[in-house]
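Two complexes are shown next, each including subunit A; its partner changes from subunit B in the first to subunit C in the second.
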Partner chain A sequence: MRRMRTAIVLLLLTLATLLVITINMGMGEYPIPPLDVLKAVLGLGTGEYDFIVNTLRLPRNLVAFGVGAGLALSGAILQGLTRNPLAAPDVIGITHGANLAAVIVIILLPAAPLVALPAAAFAGALLAAAVTYLLAWKGGSAPMRLILVGMGIAAVVHALTTMLLTHGKVLVVNQAMIWMTGSIYGRSWEHLYRMLPWLLLFVPVALLLARHLNALQLGDDLARGLGAHVERYRLLLLLTSVALAGAAVATAGSVSFVGLMAPHIGRRLVGPTQGGLLPTAALTGGLILVTADMLGRTLFAPIEVPAGVITAAVGAPFFLWLLYQNRNS
Partner chain B sequence: MQKLEARKLTLAYDGAPVVEGLDLTIPPGRITALVGGNGCGKSTLLRSLARLMKPRGGSVVLDGASIQTLSTKDVAKRLGILPQGPVAPEGLTVRELVAQGRYPHQSWYSQWSQEDEREVQKALCATSMLELADRPLEALSGGQRQRAWIAMSLAQGTEILLLDEPTTYLDMAHQFDVLDLLWDLNRTENRTVVMVLHDLNQAGRYAHHLVAIKDGAIWAQGAPEKVMTEEMVQAVFGMECRIVEDPVTHSPMCVPVSRAHRLRVLPGKKDPAKQG
Partner chain C sequence: MPARLRPSPALGLVIGLVLLLACGLFSILYGLMEISLPDVYQALTQFDGSPEHFIVRTVRLPRALIAALVGASLAVAGAIMQALTRNPLAAPGILGVNAGAALSVVAAMFLLKATSLSVYAWFAFLGAAAAAVAVYLLGSMGRGGMTPLKLTVAGAALTTLLSSITQGLLVLNERTLDEMRFWLAGSVAGRDLSLFLQVLPFMAVGLLGALAMAKQITTLSLGEDVARGLGQKTGWIKAAAALLVVLLSGSAVAVAGPVGFIGLAVPHIARGLAGTDYRWILPYSAVLGGTLLLLADIGARAILRPEEVAVGIMTALIGAPFFIALARKGVRQS
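And then the complex of A and B:
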């Protein structure tokens, strides 16, 4: 029954995503009718729109979708792993690590080549997660300790980032702030190709681990009783989550709240069983970010608002609502 | 039948051992109840029998092999454990929970089989949860929820079932409902049941084998008629009591002599409650 429902939800989410991407590609300074957009993508058009659609707008949309899906999947894994609905890569320090590394590169190493930024961000995310994991280890990695230590690391790293920002020059600080907000502006095929290997590797890994995440969700004792290697799978899942969030953040900056919201919406749609939840959350996250990018581009045109501002504007009240919902549990 | 034993078992958390050099054989195909005061080590013992806790010394032996040397998946096919007060993710339905019991029977290449489906259906039937199968757990009463968890353990298909205080947080009717269910499972499917129970009288009614634990050691074990004595209750629970015959089951029943009433009933003394 649930499986049928999941299949329908996945289909509808895919269709909605394709629809929004098509509309998004048609909008902007140079509007293009949806049909012509599709023709250009499929190579059936007159060639008039090929540059705008295929070189500028298509990769940007695909990047937005990939980043959103990565963040959402990362958040869904973390929430299952910690059995805490408030966990997300931007709550337990993963994105903060990426932020700090990126700000170091932008402010202290302005001469660094362009590729250094995403690489540093990715390394920062990984490092923050590793420190969290090691500090939380006490004969085992209890989920609650992971969250608390992660939030502590997030606070410390955020303070360091702020300190760096106050010492930087206005121009570079501005650049750093935009990066920290998260934006899909100007993302090209090159960005997509750099992110894609991570998604192609870790999305299937996440789906393969769904079964173990289900067991872990019942608590360590029950998971062990069911025969799961609790620590092994927790580490693998955490790594997967960090890799996905790291790849996303390295590509688009730290887009906030997608990793928190998408899994919740996913659970509402298909329930908490991970085999259905993970793909649903991923598609939801992709759809959210593509939509946020579209709104950011068009709401105040010709001024473009970064997609991260839109997700934060929606996500922050959502987070408060979640806190309110969880106040008694 | 699978045989579960503890041999020279020593268990400790960080400091001093909770259990030291304990030997215990769980009678196969019977219901065993572990009883004792708070902090006596009965839950710790149960956890280690289920390999959730690594012994500091000695071993837990399942069918002749130390449980630590067996693969955890292999153990999970022979022995199930239901810890105290388990929590399921919000929105999980009974059927989805029970399906988790099939975890040890699956692998990455065979995720869900006909047999899994059959076993889940059987477990739902045995616990009378079929009608509630598609409800989320949080929509159920405490008793129904506990049945759902037991159904999950049943779906695991193990001969031995360990339960840590399966009746806590339940009202009296639901407590007996759960105990009756375990009794039926033992009788009709011949499953070995080992449970930690808080209520001595419930243990006396339902257990074939009663193990009284004090300070991490077995003070007495055997049939409830033999083990449940006034001396045992005094030694293990530090409480004076009378043992009478349960009028319903004819098993031994412990009636506490509480302090307030002991003063009141002693001859020659005035009722302290009525003094000045």
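And then the complex of A and C:
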């Protein structure tokens, strides 16, 4: 019964995503009818729209979907790992690490090649997570300590980032701020190809580990009783989560709240069992970001609002609702 | 420290005060322009309008005063918060009060085009108060009321929420970004005395009120049940203490921007020195908080000389490792 429901939900989410992507590709300064969009994507069109659809808008939408899915999956894993519904890559310091690394590149090394920015961001995310994990280790890695230590790391890293922001030139600082807010603007096939290997590797890993995540969610003692290698799988899951968040943030900057919202929506749709939750959360996250990008492009046209601003605006009330929902836990 | 090794609290307080004055004096003397001790004295007693005297009276002295009082206010606010919530990790910066003030100021600047520091101050005050109320409500919703963990997580979450909205506003408007980024880092530089005098009454009421309530706060820090058992009307005491927190942290943020970690770290040091009685912890916190912020401000001026680093960055770099150590110590294996 549950399996059936999960399958239906996944199918509906996929259809909804395809629908939004199609609409999004048709909208903009140069509107294109949805049917022509599909024709151009499938190579059946007259060639009139090929450049706009296939070179500009299609990769942008795919990037948005990939980033959203990566963040959502990362958040879902973190929430399961820490048994805390408020955990997300942007609460416990992972995205802060990426931010600092990116701001260093943007402000201090303006001459660095374009590839340096995502690479640095990815390394920053990984480093912040590694430091958090090591500092939280005390004969074992208690989930609560991971969250609190992560918050401390986030504060240090945030202070360093602020220091750079106050000393940079305002033009560069603005660029850094946009990066820190998260935007899908101008993302191309190249960005997609760079992100894809990480997703192709770690999304399946995450799905394979779902079973262990279920066990960990019961609490360390119970999980151990069930024969799970608690520390080993916690490390592996954390690594997966960080790699996914890192790849996403490296591509689009630190888009906030997707990693927090998507898993909760997923839980509402298919329940708390990770096997169904993880793919549902991933699709939901992708859908959220594609929609956010569409709204950001069109709401105040011709001004483009970064997708990260939209997710923050939607995420904020969601978040308050979430706190209210969890008042008894 | 065992009790017999502990010097009398009053003596410690006197030593602390001497240290505070020494740091304040050093803060006045230290800077790009050489100023001697007699200069400072003469500037205060027989002002003759020379550049040295002018700098002492308009730049160095206000700066030292502001740093000392902001530090004291934040530390006392943190101490009250920790007593009130029985949470070693409570502090204005952690619980989102600073972030609320920051958002409020940025929103005022963005929407109302406000530009002067004294207008910022009022909005910072409002924002800090709103965030304090919000975090208190969020942290005490539901069964079991307020638990330390719930409050900390609610505070971290609120901080994330508020600062991402702040960031969104800053991205949309480059002018706001340029003017705000220095304020947002937290700083005691370039504040003039009139701004300080505006918020001084709030700080004074907050500090004196805290000292007057120290006994009740000590009782409350033993736990609500104990306090009630001892005949305390905990509801009123809690509300009054929360009001003091808003006054203190709101006015501190209004003058200096969001300066973090003083409110977290200092009360712990004060407890280590003075024991468990808030009648001593609060004055200790005030003196140590002032000293620490003065030192951080001197450090902020020294580290990249002749450029200045915002003092909020210094306190975060000093204080965050402290927070991590506390988190490691305070949280058991779950």
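Note that the second predicted complex is superposed on the first by the 329 of 329 C-alpha atoms of A that agree within 3 Å, B and C clash if a C-alpha of one lies under 4 Å from a C-alpha of the other, contacts with A are read in each partner's own complex, and residues count from 1 in each chain.
Note that a residue touches a chain if its C-beta (ideal position, glycine included) is under 8 Å from a C-beta of that chain, and two chains touch if they have at least 3 such contacts.
All figures in this text were calculated on a predicted structure; none of them were measured in a lab.
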| item | value |
| --- | --- |
| Superposition on subunit A - do subunit B and subunit C clash or fit | fit |
| Contacts of A:A313 with subunit B and subunit C, given as first, second, both or neither | second |
| First (subunit B), second (subunit C), both or neither touched by A:L222 | first |
| Subunit B versus subunit C as contact partner of A:L208, first or second or both or neither | first |
| Once both complexes are placed on the shared chain, angle at subunit A toward subunit B and subunit C, C-alpha, multiple of 10 degrees | 80 |
| Contacts of A:G124 with subunit B and subunit C, given as first, second, both or neither | neither |
| Partner chain in contact with A:T273 - subunit B first, subunit C second, else both or neither | first |
| First (subunit B), second (subunit C), both or neither touched by A:G80 | first |
| Minimal inter-chain CA distance - subunit C and subunit B, angstrom | 11 |
| Intersection of the subunit A residues that touch subunit B with those that touch subunit C | 219 |
| Subunit A - residues contacting subunit C, complex | 84, 86, 90-91, 135-136, 138-140, 142-145, 147-149, 151-153, 155-156, 158-160, 162-163, 165-167, 170, 173-174, 177-178, 180-181, 219-220, 256-257, 305-306, 308-309, 312-313, 315-316, 319-320, 323-324, 326-329 |
| Complex interface listing, subunit B residues touching subunit A | 47, 50-52, 71-77, 80-83, 86-93, 96, 100-101, 103-104, 106, 108, 111, 134, 156 |
| Residues of subunit C defined as touching subunit A within the complex | 89, 93-94, 138, 141-144, 149, 152-154, 156-157, 160-161, 164-165, 167-168, 170-172, 174, 177-178, 181-182, 184-185, 260-261, 307, 309-310, 312-313, 316-317, 319-321, 323-324, 327-328, 331-334 |
| Interfacial residue positions of subunit A with respect to subunit B in the complex | 1-2, 80, 83, 85, 208, 211, 214-215, 217-219, 221-222, 224-229, 267, 271-273, 275 |
